Structure formats: C-alpha cells, structure tokens
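What follows is a group of structures, each given as structure tokens.
Each of the next two complexes has chain A plus one more chain, namely chain B in the first and chain C in the second.
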Partner chain A sequence: MEETPLQKDPAEHSATTPTRREVYEAGVRRRSIRIALISTVSVILAIVVLVPLAPGWEAVQRSFFNGRVFAETFPGLLEAFLMNVMIFAWSAPLIAITGLAIALCRDTRAPALFPLRLFGIAYTDVFRGLPVVLVIYIIGFGIPGLGLPRPWNSPYIWGTLALVLVYSAYVAEVIRSGIDSIHQSQRSAAASLGLSDQDTMRFVVLPQAIRNVVPANMNLFIALQKDVALLSFIGPVEIFRQAGVYKSLYANFTPYVGAALIFLALTIPATRYADYLMNKQNRARS
Partner chain B sequence: MTAKLSLRGVRKRFDDHEVCKGIDLDVAEGEMVCLIGASGSGKSTLLRCMNLLEPIDDGTIWLDGKDISEPGLDPQPVRQQIGIVFQSYNLFPHMTAAENVMLAPRRVRGLSREDLRPRVTQLFTRFGLGDRMEHYPDQLSGGQQQRVAIIRALAMEPQIMLFDEITSALDPELVGEVLDVLRDLRKQGMTMVLATHEMGFARELADKVCFLDAGRILEQGPPEVLFSEPRERRTKAFLSRVL
Partner chain C sequence: MKLIAGTALALIFSTTSVLAAGDGACAKGKTLTEGTLTIATGNPAYYPWVMNDAPESGEGFEAAVAYAIAEKMGFGQDNVTWVRTSFDEAIQPGAKNFDFNMQQYSITPEREEMVDFSLPYYTSAMAVLTTQNVVDSGAEATLEGLKGLKWGAVATTTAIPMLNDVIQPSDEPLLYNDNADVNAAIMAGQIDAALYDLPTALYLSAVVVENGALLGQFPPGQSESPDQFGLLMEEGNALKECVDDAITELTESGELAAIEAEWLSEATGVPVFK
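For the complex of A and B:
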C-alpha cells in the first residue's frame, strides 16, 4: 500500500502548485487574450464611429433598418419561411437517395452495366455544369408547359425537382470521393474472406465512405437551404418572394434584412455543427 | 504424397518490375512452411498470389490437385478454402470484433448470427478474447486486433492459412500473444504458410523454411539445416544480419 501515495504525489503537485511550464503558458495565454480583445474592440469602435459619418447613412438606416417595418413584417416572413423548410424537408431525402444511386452507377465495373456508368458520368457532368437557376427555369417552366393537369402543373413541384437533380449530382461526387478514400486493403480483406463485390461495397466500403463524407454533405445541404430561395423566380411564395412583396408594400428594404436574419439563424448553427464534425474527423484520423 | 498446395514456375510482374521470377513450392497437408527473406524479396506477393488476391502472370497453382490459376476462374470458392491474415490486420473499423468475424460466414455461407454465435464465442474464448467480442477494433490493442483478424479468417473454416508478416506491426511485448495463436493452430494440424521475420519462431515450429531473394526461392529445407548450414552465400549473409 506504500505505492499509492507515491503515485498520487505528482498529480497533487500539479493540482495545487503549477509547474514552471504551466505558469509560463498561462502568461502567454493571458497576453494573447488581451491583444485579441484590444484589437477587436478598436475595429468595432471604428465601424460604429465611421459608418454613421457616411453621407447616405440616414437614408440607408431608414430603408434597411426600420424598426417598425421589421416588427410588422417579421411574423409574415417567418410564416413564409415554413415553405422553405417544407421544400427542403422533402427534397433533402430525395437528394440523398438519388446522389447515392448516381455514385453507385459511376462505380459499376460489370460490362453489362456500362450504360449505367455512362449515365452516371453524363448526369454529374451536365448538372454540375449548369447554374442552378437555369435548371430551375428550364424544368420549372418547361414541364408545366406540357399542359399537365393539376396538381402536376405546379412550379412548386418541378422547381423542387430541379433542385433535387442539381444537388444529387454534387452529393454523388462527394459520396464517390468517400468511396475512393477507403483504402484498398479493406477491399482485399473482404475479398480474401470470399465476399462478393456487391457485398464488399454494401457492408465494408459504403458504411465507412458515407461516414467519412457526412461533414462535406452537411455543407451541401446548408447550400441547398439557401438555394431554395431561387424557387421564388418561378412562383412559390417562399421567404425571399414574401420579402419582395413586403418591400413593395412598405417601399422599404427592411424585410430583406429580416429574411437574411432568419436564414442566418438556421445556417450559422448548421455550419458550426458541420465544422465541428469535420474537426472531430480530422482529429480521429491524425 | 501429393501436396495440398503446389506452385510451379509462378511469375508475377508489377509494371516493369518482376516480383516473382518462377517460384516452385510444395506445401503438404498439415505442414507449416515459413518464407523468409529481406523486404521486397517477394514473400508478401507470393502469399497474395496463393489465394488469388493477385492474378499470376505465368505458371500454375494447384490446390488439392486442381488448377486454381486458370485465368477467368471464379476466385471466391478458392478464397474460402485459403484464408489470409495481413500485417496491418485490415479489420473493418465500423464493426465490432464479433461482427467482423461473422460477416463472411453470414453473407457467403448464409448462416445466421444465432447459428454462428456459439462457434464464434468459442473461437474468441480459445484465443483469450472472450470479453472483447463487442469491442470495436480501435478499442483493442494491436495484438488483440491481430488475433481477431486470425479468428475472422478461421471462421470461414479454411483448409490453408496464409500469414503475411502478422507480427511486424506489433510492439515487441505483443508479439508473443500472436505467436501463441500460431502455435495453437500448429498443434491442431492446420496447413500454414507464413511470411515472417520471427526467425526463432520459424526455427522452433516450421517443417520447411524457404529463403526468398529477389523473387526466387534461393534455398529451402528443414529449419535445422537451413539455419545452421546454409549452402548459398546470400542465405548466409541474410541470416548473419537477422540472427
């Protein structure tokens, strides 16, 4: 029982009296915090003092930061934002499924499935090569133009489909990079056990690949959440369109600022979370 | 006596580098053969050729008198009969140890987890890992991971086991526990081929030791002969460096 106090001693030492190293590091830390604080405060002060000195500041303040307009339009904007959430909610799973399917198409090796592979390549090339808004116009206006019966003539449906098509191409590429990132030795190990190529993909490669690309895909879905606003160009009254309506009604730009705040309230936490996942993964690898 | 596994004139080339330059080798049933030689002498490639992970360019491999080196032959049934364990374990990191072991028997032989559970538990217990079945690979030490990899290969009930420098990535104090597993398999009469740097182990247990040099088997024989009275100058030079 003599060992116990001996082992405990260093721990107690560091808990009560800090080592020389700890004292030094604490000093460095305090100094960094002080410098960062001073520089941040001076930048903010400069902005607060200098910006209102600009000649047009009063006009800008009136038309962009009008408290009354903000208070009156904000609830309406929030309500319109539900439409964005809806569009996102049903397009995101479709994108995940289609993206995975396209990625697997591109990875087929059997000669009989060559057309699938060709399709996968053409698909990703075409939809990554077009501006999202162009695809939304072509599909969102083009397909309802075929004279389909209600509800199939709704630009809401076809506009969302356009988003699904474009984002699937990006998700497919991300998943494919995840598949490539799995080391050959994992496939060797699976093959040496007699597993078929399909089983190797399904049980060994894909589960690891998809885990590896979760952060990258999170970033894509954050971008999707913002691009839902592009549907406003072809009809659905989502938040961006609603802000435009309010702008005309009040002859004031404040509703746009309100819409921006609503977007940020959602995207900033999501981005932070994606970064957190990415860092966690990098740490796990090193 | 006919050999369990027989290689004649096996050649393997990667781009313009020929790694195996005509290998002849016979492995009898229940025999333990050790391949020794410097890094890059072709030991690992030779093992990978034996269970068709690498297609050979020329020569023939017979398993139980059946030519398995025929181009276009389905490699899967062969790989079920010849298990391999790698230097870097190559466990599936997203599965528990038990799931690693059960995946191939489930998918290839269509057995259920319930069918497999007793036998798998018995294998884990036999190799001292009874309490590690539900751990993930990164929660296990190198020696434990390598033992799981051996169990994973054994679960397919292969007739031959290949071991590719399976102790080289381990800390010295963990080597022993893995070699004990090999001793155990040897006692059971498993047919084994090892690429190894563990000369003491090869000397103690091998029936036959082959010295590979630049893609050829330069010399082979029982360990007591090869280690004590090597004929070739290069064998002597190699042994004097490692012993």
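For the complex of A and C:
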C-alpha cells in the first residue's frame, strides 16, 4: 500500500490539486459504496426470489397482499385514519402541558412543596410502569362505569385521559432530564441578577431545557401516534379497528397491511425529521 | 320440552347407528389424524352454543350438532377431539390444526373466497340487546327508534354490515373486541344497544348484563342476506363434501331441527321489528 503523508494539512493545500491522501480516501469511499451497493442488491434479490419459492407463499400472498381486497378497503381505512389524527391532535397538546406540569412538580426545591415533589415521583413511577392498554381499559371502562351521564362517559374523553396520563409521565421525565442538563451556574447567575426562583425557571432554565429535549419528545409523539390505535379497545372505530372489521368481513389480513402502510406514510417522515433535529443539535453542541 | 328433547336424542342415536357404519368411507384419509375428527371451537365457547365451555359433553347447540355430524361421517363420540382457535387463527394462511371450525361463523361470499364453508346448520335472527333503563327512557322498537340509539357491536361479526345497512344509526357505532367488552360498555351506559345473534342476545340479557332486556329481533327472512352459520374449513378441504352430506342428511331427517328445538327453543317469543 502507498504511504500517505500525514503532515500535510488539506486546508493549507490549494483546492484545485487534491493531496495524495485525498485521492486515497476518495478511492476508499468509492470502494465501500460499491460494496454496500452490491450487498444491498443481492440481499433484496435473495428476498424477492427466495420468499416466493416457499410452499405457502401463494396462500400468504392471497391473505396478506390481496390486490382486490386492498383496493376495496383502502379508502375506508384512510377515512378511519382521520379519527387517529383527530385523537392525536387533541391529545398531544394536553400531554405536553401535563408533562411540563409534572416535570415542574418534580423539580420543586422548597421544603414546603415536598408533597408536590412526592406526587410527581409517584405519578411518573406508576404511569411509566403500566402498559398503555391496561390504563386504557381500566380508565376507559372503569370511570364511565361509575354511572356518569352521557356525554361525560364517552370513550373518547376517558380514552384520551388514559393516553394523557401515560404519555405525560414519559414527557415529564424527558423534560426533567432537560432541566437537569442546565448547569447550576445558570441558576446562580440568574439569582445574582435578582431573579426569583420562579423567574429563573421561566426565563433562564426552561427555554434552554425545552430546546434540548425537542428531538427526544418528537420520538415520544411518534410513539403516541401509533398508540392512539389502542383506543379502539374501548369502542372508537379508528384505523386499526376498521382494518379488523374488514379482516373479519373478508376473512383476509390485507386490510392490516393497508393500515400499516398508512401509518408508515406518516411515521417515517416524522422519524426522519426527529433524526434531523437530533443531528443538528449534536452538531451545534460539538 | 323434555319429550321433544328425548325424541330428538332417540332419533339421533337410532338413525346414526344405522348410517354410521355405511357412511364412514367418505371421510377416510381426509382428516388430520386418521380415524379422528378434530373440531375447533372458540376460546371460551359461549352458551348456548356450548354449555359450560365443555364441548366434549355434547351439550349445547353447536356441540350437539358437531357430534351429530361426526356420527353421520362415521366418527363415534370417542373419535372426536376438540381444539380451540380464535377467529384470526381460523383464517390465517398455512396448515390448520382442525378438520372444521365451529363457532357461529356467518357464511358470506367475501369470506367464501378465502376459506370454505359447509352448508348452513343454523339460520339466525339478529336481536337487539339493551338495558331496562334504555327501554324505560322511551326507546321505541321501531326502525326509526333504533336509528336514534347509540350502537355497539363486536367488531369481528356480521352484525356490522347489518347495522350499517338496515338500521343506519345517526351516530357512529362503537366497536369492541368481544362480548365481554360490549357488555361492559352497555352497563357503563356508553352504548344503548348492541346487535347480536338471537341466542347469544337472549343469554346475555338474561344472565350477563345487569337489567338486560331484548328490544326485539330481525327475523332471518327479513334480511336480504340472512345470517347463516356454517362450519369453516381450510379452502379446498377434501372433507367438505362429507360434511355437506352429513348436514344435508341431518336437515332432511329433521334431526337438526330437533337439536335446535332442544337447545335454542327460547328464541321464539321475542317481538319482531317491523
């Protein structure tokens, strides 16, 4: 292999003639792109060629990738997805507000407010420790069972409450980690400027903390977008339930695949965006 | 009642013992396990289709029909094994663990494209399950009155097309995973009424739902596509002919009607929607 002179800094070198090191590195890059391409194509080819050779492929194709069933059910699924979007749209702000409130509870420092702190700890421990489905079932059927009159026993209200309880516990923890990431010296500096504890939190700590945890919270909201489907357990006909109805009417699983595609169409861009935010933040920090 | 049941049983045993010997050939080599008929039912299996969740006892309408069909096909009581499946397991592609599956599967043309159904062994009316409170608050047993109710149903049943096509409620119905969840919603007052097949509705209103009541029924003759229950089999199952022959025989000889009279006789007397 060729020796590459390390002492030459590419920045000092003029842009027109690449150094030997740059030429070498470009070669390595081209080579790895080539290898990645070949291996990706061969894996995809293997899947496309080998899977249909399985003896049950035709049956699987008929019940999971059935074009006719797909065409007949997809419009209904899209319509049902509006329900998911609606539930998400009113849950997300509630979760953000509750999560922030719980995080602030946990961060109280005054001795007299210790009960509040205890509440914050208990809240996050309980609701992060329970499966979402369980909370939805218990609250979604339990509270209306107390004998509330309509419309106050609506599954939308109590299902939303269940989502808010669970997700705000996660959001609270994320925000708290953001608050903890702000160095003590900032609070000291704010205090020396004469800011009260409240103002310090409001004008100094929170603006930085929230900005730091935006990507992490994006991830939570992507997860929420999927978990909205769990509300179907207590009655609302959203996309997952609608797909189940079609599955039962057609004795075919294709509607589930249709629903999966609709979910992906929303969650993949959202995930990419969260990644982009995260990378941007990492670059800004380093 | 007892007399009918007695004669029904006598009929079953006298005719089947004669026919069983000659008919056994049809199913030969076509069952999962040679010499045994494997029948699937729900988990749990509900009254009055299967009594006490014990199909082996032969008690309950579907359990009794299953044993009658088995007899016709040449399988004695000892040669029948039971397995349990969910709806999804019954329709998933791949090898099945049952010869036929019996849990109130409604025969529809759409389903028929994916799986095989036997001839129908029961034609069900649809009934409206509600609570006494809803009746007292003035729910009317007319189509117009039904529209105004808040509806619920089990998502995997053919009650849903019936709801949407016949009743056309003004409010979107709420759908649930199983009977237990629908009952919870009725008792919590989240829904006014639920649509079930008549025998299930009768049982739920009498035993399970507090203050339960039946508002009325849609008789099978009234619907364009009545709810007919068939045995579900893997598509292309060679056993289908034998099963169909057995059901035809049971229907023509009146045995099926006798079993129905024994287990589902209460179903008469529920008012009919006009």
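Definition applied: the second predicted complex is superposed on the first by the 264 of 286 C-alpha atoms of A that agree within 3 Å, B and C clash if a C-alpha of one lies under 4 Å from a C-alpha of the other, contacts with A are read in each partner's own complex, and residues count from 1 in each chain.
Just so we're on the same page, a contact is a pair of C-beta atoms (placed from the backbone, for glycine too) under 8 Å apart; a residue touches a chain by one contact, two chains touch by 3 or more.
A quick note: this is a predicted structure, and the numbers were derived from the prediction, not measured.
Novice: Is A:Val204 touching the first partner chain B, the second partner chain C, both, or neither of them?
Specialist: Once the two structures are laid over each other on A, A:Val204 reaches chain B alone.
Novice: So in the superposed three-chain picture, is A:Ser42 touching just chain B, just chain C, both, or none of them (first/second/both/neither)?
Specialist: neither
Novice: Looking at A:Ala191, would you say it contacts chain B, chain C, both, or neither? Reply first, second, both or neither.
Specialist: first
Novice: According to the contact criterion defined above, which of chain B and chain C contacts more residues of chain A?
Specialist: Of the two chains, more chain A residues are contacted by C.
Novice: First (chain B), second (chain C), both or neither: which does A:Gly235 touch?
Specialist: second
Novice: Once the two structures are superposed, pull the chain A residues common to the chain B and chain C interfaces.
Specialist: After superposing on chain A, no chain A residue contacts both chain B and chain C.
Novice: For chain A, which residues are in contact with chain C within the complex?
Specialist: Residue positions touching the partner: 56, 59-60, 62-64, 141, 144-145, 147-150, 153-155, 232-237, 241, 244-245, 247-253.
Novice: Could you list, by residue number, the parts of chain B that touch chain A in their complex?
Specialist: Residues of chain B touching chain A: 48, 51, 53, 75-77, 79-80, 83-84, 86, 88, 90-94, 103-104, 107-108, 152-153, 156.
Novice: Residues of chain C touching chain A in their complex?
Specialist: 87-88, 91-94, 108, 110-111, 113-115, 150, 152, 155-158, 160-161, 172-177, 181, 184-185, 187-191
Novice: If we count contacts the way the header does, which residues on chain A are in touch with chain B in the complex?
Specialist: Chain A residues touching chain B: 185-186, 188-196, 199, 203-204, 207-208, 211.
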